[in-house]
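I am attaching a structure below and will ask some questions about it afterwards.
Note that the chains take the letters A, B and C in the order they are written out, and that residue 1 is the start of every chain.
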Amino acid sequence: MSDATSEAAESPKPKSAPPKAEHGHDDGHGNGHDHGHGHDDHDPIHAANPHLAHHFDTPQQQFDAGKLGIWLFLLTEVLFFAGLFCAYTVYRSYRPEVFVYAHYFLNTKLGALNTCVLLLSSLTAAWSVRNAQLRQHGLLKLNIIITIACACTFMVVKYFEYAHKFHDGLLPGPHFAPTEQVWELESFKHKHPEAAEYAEHLIKSAEKKKAASEKPAAVPPAAATGVVAGSGTAAPPAGGAEAQAEATATVAKEGAHAEEIHGRPTEEQLEPLIAAGVIGPKAETRDVPSKPRNAHVFFSIYFFMTGLHGLHVLIGIGVWIWLLLKANKNVFGPNYFGPIDYAALYWHLVDLIWIYLFPLLYLIH
Amino acid sequence: MSEHAHDHAHGAEGHGDGHDDHGLAHTTPVSLLVGILAVLLVLTVLTVTVTSFDLGAEGNLVVAMIIATIKAALVVTFFMHLFWDKKFHLILFLTSVLFVILFLSMTITDRGEYDRDVEAFRAAQAQANAK
Amino acid sequence: MASPSTTADLVAPRPSPGSDNYLTHEKGFLSWALTLDHKRIGVMYLASVLCAFALGGTFALILRTELLTPGKTIIEHDTYNQMFTLHGAVMVFLVIIPGIPAALGNIALPLQLGAKDVAFPRLNLASYYLWLLGAACMLTSLIMNAADTGWTFYAPYSTTTQTAVAPAAMGAFILGFSSIFTGLNFIVTIHKLRPPGMGWFRLPLFVWALYSTALIQVLATPVIGITLLMLIVERLLHIGIFDPALGGDPVLFQHFFWFYSHPAVYIMVVPGFGVIGDIIPVFSRKRIFGYKFIAVSSLAIAFLGFLVWGHHMFVAGQSLLAGSIFSAITFLIAIPTAIKVFNWITTMYKGRIHLDTPMLYALAFLWVFTIGGLTGVFLAVMSVDVHLHDTYFVVAHFHYVMMGGAITALLGGIHYWWPKAFGRMYNEKVGRFGAVVVFIGMNITFFPQFILGSRGMPRRYYNYLPEFQPLHQLSTLGAYVLGLGFLMTAVSLVRSLMKKPDAPANPWGSRTLEWTISSPPPYYNFKTAPLVTRGPYDDYDGLVYDEKIHGYVEKGA
């Protein structure tokens, strides 16, 4: 709902903003305005330039005004996204493990594909400006169509990404309930096969211990909290000490549990698990691998950033369709190509934001 | 720059006032546009490839951001015509970047400073809960 | 076109009733609702903003009445919380921020530039409709279950309270875009639509002030946009960015909020500086002193204003390091502000001061704003702020700035441009009397609050200790006087509209371009762009008062 409303609030920007705003349209009340005014000072310049609005003296003045306007608008867009980048940076520096954990769930290939698609559309957008300037009507339409096609491709890919995430329970906030553990993911297994295997063993041993601890009598009180699993053949660690343990100590202990079944793991094998917050001080439990605390915040930021960016792509599609209809009337030429130029600038900014979003969200090491 | 090789080389002179011989602004040659796209695609491949190497704690992030900034600079300079456009538009754009940096740096400086307090509080709570 | 703008041929004679001007050019509801004319949009903005001001003022009077006695006087404590929230939100987002730029700026700025319109008339109209939409959202919150968070929407309370925070935040979000559109429009207009001969240092100071304001609007407002959007999403989906219970960081919200809202303080008050800068030389019949310093100090304030947001967060868990930086930069803002005040005072020195209504408001502004500004320097000292934070001292401080600065300047500007905008002269005696009553009322209302605050009365409290009662009652009395002053002024202004058109083209003897065309201005302002050959405050001696038309004309004309 908030998205819809924000769209309502934003959509007038590209549409009624510079591109449309200062060009006398050939329909609507805008012309009536021009009319009522124009008679006494309809000079040859206005007569020769049907798209020159009454309050501008020359096409150059109108174009420059529009260009300054769109640049100022892009300024606001940069700062609009700055809030999200700021939130991203704060959380990434604050909870690096959440970001490492979460990035295994993202599809780098689709992200890279979308990057290329947007870059291509940026080319055609820039090209279409040239076409409009040089009155290449056919090429202009073709380039706009390719731009729209790329934008639609981008949105389709995004749709599949989102659908996949929803399906896997990767939702922001309290709805976050991933159906798969991070070490069960192909992306994780492929990169860190030993760590994945080790995590499986930890889980199995934890299950065993849990089953064992369900036999009464032998259970030390701390085990009931689920924080400490201790019984069976291995020497159980003391509850209090466990709670205060340093990260390394915890890891060593976990190592001790797993040793029985798997042999001592190396530091390199453990490292991916610790980096992702799966085990170690910031995991929900210490010797049972699980998702890190507040892992959902990453997906909040992910959906917010990509969602807002996607919204801008959608608005861009709308603007390009409008321009395609205009281009179909062959109105653009060396003295009137502002709308194409402004839309292209907007489109490049959308691309620019994605250029940063891609490494920040998909390429976390 | 390569645009001089092309039919619209004169546009490079149009810096100051954005005025051009045949139109209201500079016309960018196609070969330059395509060339820029090629570089951008190469950089995209590069940034993906680089991720698979371990460059230290923040190394990968720094490299990724440097590549992204090069890409952004190419887009701004050539696709968005700032190379030929009025200097004021460049100043505006850099102003926005400056303000983003101010915003981020002050907020993050502060976040880093009180982080210790937050962690200490969390640890104390965890300890209290454990007892 | 060779003739300078201010020669007599452009000074239209007194308009006869029914002559063609922007008010009479087209008729009917749609000619207003769909107008692209900056003057009409300005008039619609002015009317809407003043309605919102009446609403916010009514809230204020109810709040002050409630505070007559400790405990319940007329309303319940929950209602009290909702009411001060809406008082703040309405006054800030609906009144003060759009007040001078969107209402007076729309009317006067293109005229001062000799332009036919703003650069993007459609965007201008869109800005007005977004204002209406934003106001509707705020009212929705009022009707549903008004937000009780304070206008600052601080998390985590705003993410958890049961009241209708989302519509109010959505309203502020939309109003932000309205403000951005106005600012963007003004920057382009000032850059691209200046007449021949008007270099940057021939711009009226009002234009300079609006330019600085517009830069802040464009650079800061998007951040509040995204912040409020995050807040709304946080409320609806609990995404955990601001809510500590979900792993969020509430101090981050304050950083985000104040990154906009401190610069927003300058969005509110810098246009006021512009109005005062235009009024003082005219009514002192003397060229402005230190024009360039006043002009550039607006830009300096705009820039520095971005670097001080943390002084709202000294006790919010912000680090000592950040606090020290913010505190130090806050002191710096006093410098460009003082430059302005000193230059205005020096402008009056040895001038021939005419105490007409706009000038009275300008003098009131100097007094009240100086108190408001200086107490701000106290609050910038961290050790002092720890004690005064969230007390009535802060309330008094920002009311002296917002009310004393922005609203006084708005009223001064309304009285200054009223004859130009509507072609009617208001009753000067009532106008002056109103200005004096407003000034007295303002001081009685807010000065006791400084004392209350320094004695420890916390802000936003429904109840208080009996020892605070006399000062609270004095403050409430002042609020009634203030309300009376506004009412009187409003009645006088509305009554002037019912008179015959009687305003001359130049009633005050101003030198800026808007006074060279008839009152009210013709539909397209200037037939051709005027050629500017002098500064906006030069050569007051070249004008003489003409008894017949009750206005100034060129000497020898």
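In this section, contacts are C-beta pairs under 8 Å (C-beta built on N, C-alpha and C of every residue); 3 or more make two chains touch, one makes a residue touch a chain.
A quick note: this is a predicted structure, and the numbers were derived from the prediction, not measured.
Undergrad: B-C versus A-C: which has more C-beta pairs touching?
TA: The greater number of contacts lies at A-C.
Undergrad: Point out which chain occupies the most central position, where each centre is the mean of Cα atoms.
TA: The most central chain, going by mean C-alpha position, is C.
Undergrad: Using mean C-alpha positions as chain centres, tell me how far chain A is from chain B in Å, no decimals.
TA: 16
Undergrad: Where the CA atoms of chain A average out and where those of chain C average out, how many Å apart are those spots?
TA: Centre separation, chain A to chain C: 38 Å.
Undergrad: Need the CA-centroid distance for the pair chain B / chain C, whole Å please.
TA: 36
Undergrad: So which stretches of chain A touch two or more other chains?
TA: Counting only residues that touch two or more other chains, chain A contributes 64, 68, 72, 75, 78-79, 82, 86, 90, 94.
Undergrad: Multi-chain contacts in chain C: which residues touch at least two other chains?
TA: Chain C, residues with two or more chain partners: 191, 219, 223, 249, 252, 255-256.
Undergrad: Note the residues in chain B that touch 2 or more other chains, in rising order.
TA: Chain B, residues with two or more chain partners: 88, 95-96, 99, 103, 107, 111-112.
Undergrad: How about chain A: which of its residues touch chain C in the complex?
TA: Spelled out, the residues of chain A in touch with chain C are 1-2, 5-6, 9-10, 12-13, 16-18, 20-22, 29-30, 33, 36-37, 40-41, 53-57, 61, 64-65, 68-69, 72-73, 75-84, 86-87, 90-91, 94-95, 172-175, 293-294, 296-297, 300-301, 303-304, 308.
Undergrad: Any idea which chain A residues touch chain B in the complex?
TA: Checking each residue of chain A against chain B gives 59-60, 63-64, 67-68, 71-72, 74-75, 78-79, 82, 85-86, 89-90, 93-94, 108, 112, 115-116, 119-120, 122-123, 125-127, 129-130, 133-134, 227, 239-240, 243-244, 334-335, 337-338, 341, 344-345, 348-349, 351-352, 355-356, 358-360, 363-365.
Undergrad: Where on chain B is chain A touching in the complex?
TA: Residues 18-19, 22-25, 27-30, 33-34, 36-37, 40-41, 44, 47-48, 51, 54-55, 60-61, 64-65, 67-68, 71-72, 75-76, 78-81, 85-86, 88-89, 92-93, 95-97, 99-100, 103-104, 107-108, 111-112, 115, 126-127, 130 of chain B touch chain A in their complex.
Undergrad: For chain C, which residues count as touching chain B in their complex?
TA: Spelled out, the residues of chain C in touch with chain B are 191, 219, 223, 249, 251-252, 255-256, 259, 306-307, 309-310, 317-322, 325.
Undergrad: In their shared complex, at which residues does chain B touch chain C?
TA: Interface residues on the chain B side: 88, 95-96, 99, 102-103, 106-107, 109-114, 117.
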